[in-house]
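Got a structure for you, written out below as structure tokens; questions coming shortly.
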Amino acid sequence: MTVRIGIIGAGIMGTDHARTLQRSVSGATVTAVADPVQDRARAVAVETGARCFSSAEELIASPFVDAVLIASHDSAHAEQVIGCLEHRKPVLCEKPLAPTVRECQDLVDRQNAITGGIPLISVGFMRRFHPGYRELKARLEEGVVGQALMVLSSHRNVTTSPGGDSASTITNSGIHEIDITAWLLNSAIESVSWHAPRTTALDSSRQDPQVLHLRTADGVLTSVDVFLNARYGYDVRCEVVGETGTVELARPHLTTTSRGLTESRSYAADWRPVFADAYRLQSQAWIDALISGTRPPLATAEDALAATRVAQALVASMNSGGATITINHPQPTVEGSSAGGKLERTPTHVR
Amino acid sequence: MTVRIGIIGAGIMGTDHARTLQRSVSGATVTAVADPVQDRARAVAVETGARCFSSAEELIASPFVDAVLIASHDSAHAEQVIGCLEHRKPVLCEKPLAPTVRECQDLVDRQNAITGGIPLISVGFMRRFHPGYRELKARLEEGVVGQALMVLSSHRNVTTSPGGDSASTITNSGIHEIDITAWLLNSAIESVSWHAPRTTALDSSRQDPQVLHLRTADGVLTSVDVFLNARYGYDVRCEVVGETGTVELARPHLTTTSRGLTESRSYAADWRPVFADAYRLQSQAWIDALISGTRPPLATAEDALAATRVAQALVASMNSGGATITINHPQPTVEGSSAGGKLERTPTHVR
Amino acid sequence: MTVRIGIIGAGIMGTDHARTLQRSVSGATVTAVADPVQDRARAVAVETGARCFSSAEELIASPFVDAVLIASHDSAHAEQVIGCLEHRKPVLCEKPLAPTVRECQDLVDRQNAITGGIPLISVGFMRRFHPGYRELKARLEEGVVGQALMVLSSHRNVTTSPGGDSASTITNSGIHEIDITAWLLNSAIESVSWHAPRTTALDSSRQDPQVLHLRTADGVLTSVDVFLNARYGYDVRCEVVGETGTVELARPHLTTTSRGLTESRSYAADWRPVFADAYRLQSQAWIDALISGTRPPLATAEDALAATRVAQALVASMNSGGATITINHPQPTVEGSSAGGKLERTPTHVR
Amino acid sequence: MTVRIGIIGAGIMGTDHARTLQRSVSGATVTAVADPVQDRARAVAVETGARCFSSAEELIASPFVDAVLIASHDSAHAEQVIGCLEHRKPVLCEKPLAPTVRECQDLVDRQNAITGGIPLISVGFMRRFHPGYRELKARLEEGVVGQALMVLSSHRNVTTSPGGDSASTITNSGIHEIDITAWLLNSAIESVSWHAPRTTALDSSRQDPQVLHLRTADGVLTSVDVFLNARYGYDVRCEVVGETGTVELARPHLTTTSRGLTESRSYAADWRPVFADAYRLQSQAWIDALISGTRPPLATAEDALAATRVAQALVASMNSGGATITINHPQPTVEGSSAGGKLERTPTHVR
């Protein structure tokens, strides 16, 4: 069985997703692509053998599309996800699910109303599929370091793209740390505060770096530095300090070179080499679930809503000089859980 | 287009290959499996949805099989590969292609006779697809360390499986080092010598470890230690020392754990986690080539023949107290080259 | 010329100092030792060939003592330092110089009054002599990472000794981080805040770990976690993140051992092996300065006063639920500077 | 008690030794220096406060010299050591003790004749005092990796100094590896062979690199590559592979810097920073033994003789195309042992 995928958005992310699904994922074929910029859509279509659609709506409605991957502009996500819900098609939406808590909540509510709790929406928090983070979580669950007490993380990019401000640092980049922290610790983030180191002179558009404090329901304090103009390389670090030890992500590199009185290892220039495997495994897990009719083990709409709430609270902390902000997550319903498990029936939209 | 694969041999290797092809490779489906041990074949068939065949011959002949993966006992390889050649079906044969130089030569000759030089045979020297070795080779080719002078490699297994002797250490394990060295340096191995450290008391069936010297046509000396009862972990190392620097494989690990006054990183217990990606990428490259009708970028029958010659020379050195043995590789023909490139016509056997 | 040292306090620290001065420092000899516990004093005396004194006062006054090293109980430091000032004898006092800001200020004032600004007091913030920290500081000063923006540090002990509470974590352990941060950045700490991760169940006497935020006059934010029951090992980390890169302490280890599927490196059980070289180099620098009649390049009484102010501010932050506390350092006088330089005259007390 | 040292040779090595003894070693003072180049001698004399002597003979004979450190040209060592023996003065001679086996043997014989077995001669194989090698040896002796089977070492310099040939690579550089291997394994080297990788084009005066095989009496095979024009940095590696694991020297570095898509660590440009501590500790151990009247725990004349025999055998192997050469070490006498232990009487020459 082959799942026919329609890709909405043919920028860097959409193109990467299309290639991965077409070339490196078992059971998937890219049959459709849509992008307001026709040339970008056409390039992906040529490369994958897909058909170009002139609009996201048409693509979603097409009988040649079993499931949809959304990699369009953040502002378009909500409407496109609603389209997928209305056509009862599974959708993998890039993060953020939607820019605001209100929109995310609306998507969660609509999904509940339309499917009665069967999740059609998955969200691209791909770090959950990164082998390093998975090993880290497995070690924690084996208890090798005892009860977690503190998490120290770093999220460093080489440079910012044009546009963006101090708030978008949180909502676009910090949100990965928010999601992965709750996932690693199996505990919701209940309060946050925002802190500012000296800001780099190399980007006048925002406070950069920022230090985010996240406190989860289990009492663990996570301190994350997010630095978008770190210059030196794309670098993601995470150490969980427990009662009897610590476990941390190893720095990924394949080779070591020695020359000119220096032993050196390369950093990636952006997230793609670091998380290529995570994207592939996330897509494979999504396709596998669609084929087997099980709940996709990806981040859910509820997870995305929770992360967006936390991001908003961090923005509020930033705007109030670093105050501690408490988050009121509503009680999750059983259907909203991200736990796996066989669905009652195979969704009809996968052929 | 989907390539329908028949798997011959449902042991550890065959089962792993079947899973990888079925679950993680785009464009492949496992439709057939054969193994003298019916229960093993049935287990793989159930898991992948393939059909069981009672013999390798039947499987090769089946119209539901476009291409064959051989993971049977070494002694059966040659006959099964011949079957594939006769049915004009592409075959990916696990290493060794065949245990003896004579058999390997016979397979090369038959392929030339049957296909007129179009390679049907690929050989599973999967290290060529390991991202670490590929980065190592890329660095060398970029010239970051200048002309290579010396290679220092280690091949360490945890324990030996029953059976095997000092010669099989070379022909089964050392052969990976032989192939990867010639590939890394783009230079044929022209002479060898064999050296014996103190042997471990933990395996009385063989000299273990062994040190192999391989001298390539470019004058580079490679020293490899092969230690099958290294106990501490599965460990493959490689450093290329050049005129202006060195480049070496990094030790792979995903996380670092600290507890009990120790900072530690895990070794794999065997080759599978270390080379899982290499197997997947090798299979994907094979399938991609079959679909596009291009020459598979895998090790060829000629590469396997060359490696077997070198292994035999090392056995001869061992049997003569460590003498230096010169290898006479015949001039390779154009068809025998492992270089890529579009074939003249798409093989008819892929539907 | 040999400087005759009297050691006050023959506990772990005093014994180590005595051994180092006697065995590994050029130009020093330990001639006197005093400790309320006579047996401890006697043990050190026997080992070094020194003479036992029944009281600190007598030792300080002895004509056979040119300079004094104080490693007694914290509560006794101030009085003993005053004794040294009165006898015009150079003194190296273990940190903390004195437990309270008031006492430290008093010592600074008395030194100014007695010597007119010639520093007799040095304070044992030995990290300033650790080769790793010195290389870190040198790299910063070479500008390899540009303007510093953020410092991330960790201070982890294996277990706490009996006694102590959340405040003593700051005043005894955190104070090292306070001093080294100001020294590394060449900038005074101007405000602080205190943060509490989940506390370990393994020590009910205090909040452990703690996260300390230190903001220096240059705007850099330093985040330090201090974890006294970290269990896994004695571990000190420091990363300075600058505008164009980062520089961090390497983890110190001499060998790597592989066995049992694990590659491992040892942690020290306490600070002594990690900082043995720092103590030796600090003592050597002190002795060299005494012999040459130059200003000792060690932390000064003023440095210790500044660190104590910061520690008290952190305690205040802790007691007020994590509020940001601003520190008012008085303007330093020229004499209070820790800069080196030839003194006007050789102190008469060194023979 | 202070040992008054005379330094013969005021080149790089002699100057470093003089500084270390004067500034960083307890119980030593440099009182005399001699060098045929008067300016060099004078520079050291000024720096240390020592007196210049116009000849090695005068210096050795001086009543103001208790012990002698020889860092002169290799060719002068034997005669100067004989001078020390004749004056019954302890001498620490830089390696090689003497260039030829015959001369070394002569020194051993003379020492036996003159002192009746009490060793006056120590030899500067300083690696034995390197904390890394000491930890490596300690681990082996604790049995953490079981019986040693194989040692893999590398000795890499940045460039050669003018002069020298393929033989001097062995006798000047390789000799360190020879001594440390026998010391690490507590086993004499009994046979050797010499192997040539492709030689670098950057030094036409010698084969470079070289691979040396050393087989110790315990059956362990050591493979050392010695590469004097390695360019990339001064780098010494050593891994001992045992029956149950491996233990290896960690690469020494104090900090890690990240910038420009690269994580990097520095190599030293030559041996001095790497072995500074080893030289200091060796000198301290020598002085401590002189003061306490015990046998110095440094390499002995017998050790140097053994290393020179092995080096000569390697030169013979090189000259015979890599043949395996067996070494006949004479039975060591009790006096020739490098074991420690209290001497019968304190040598009279130390005041």
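Letters A, B, C and D mark the chains in the order given here, with residues in each chain numbered from 1 onward.
Note that contacts are C-beta pairs under 8 Å (C-beta built on N, C-alpha and C of every residue); 3 or more make two chains touch, one makes a residue touch a chain.
Model, not experiment: these values are computed from the prediction.
Participant: Among the chains here, which has the CA centroid at the largest distance from chain D's centroid?
Facilitator: A
Participant: What rotation angle takes the CA atoms of chain A onto those of chain B? Round to the nearest 5 degrees.
Facilitator: 180
Participant: Taking each chain's centre as its mean C-alpha position, how far apart are chain C and chain D in Å?
Facilitator: For chain C versus chain D, the centre distance works out to 37 Å.
Participant: Roughly how far is chain B from chain D, going centre to centre by Cα mean, in whole Å?
Facilitator: Distance between chain centres, rounded to whole Å: 45 Å.
Participant: Quick one: chain A and chain D, Cα centre-to-centre, how many Å?
Facilitator: 58
Participant: Listing for chain B: what residues touch at least two other chains?
Facilitator: Residues 145, 231-232, 244-246, 253, 258-260, 265 of chain B touch two or more partner chains.
Participant: Given the complex with chain D, which residues does chain C contribute to the contact?
Facilitator: Per the stated touch rule, the residues are 2, 22-26, 28, 131-132, 135-136, 139, 144-145, 244-250, 253-260, 265, 277, 284, 288.
Participant: Could you pull out which chain B residues touch chain C in their complex?
Facilitator: Answer in residue numbers: 158, 231-233, 235, 251, 253, 258-269.
Participant: Of all residues in chain C, which touch chain A in the complex?
Facilitator: 145, 147-150, 152, 154, 195-202, 209, 211, 213, 218-221, 223, 225, 227, 229-232, 241, 243-246, 322, 324
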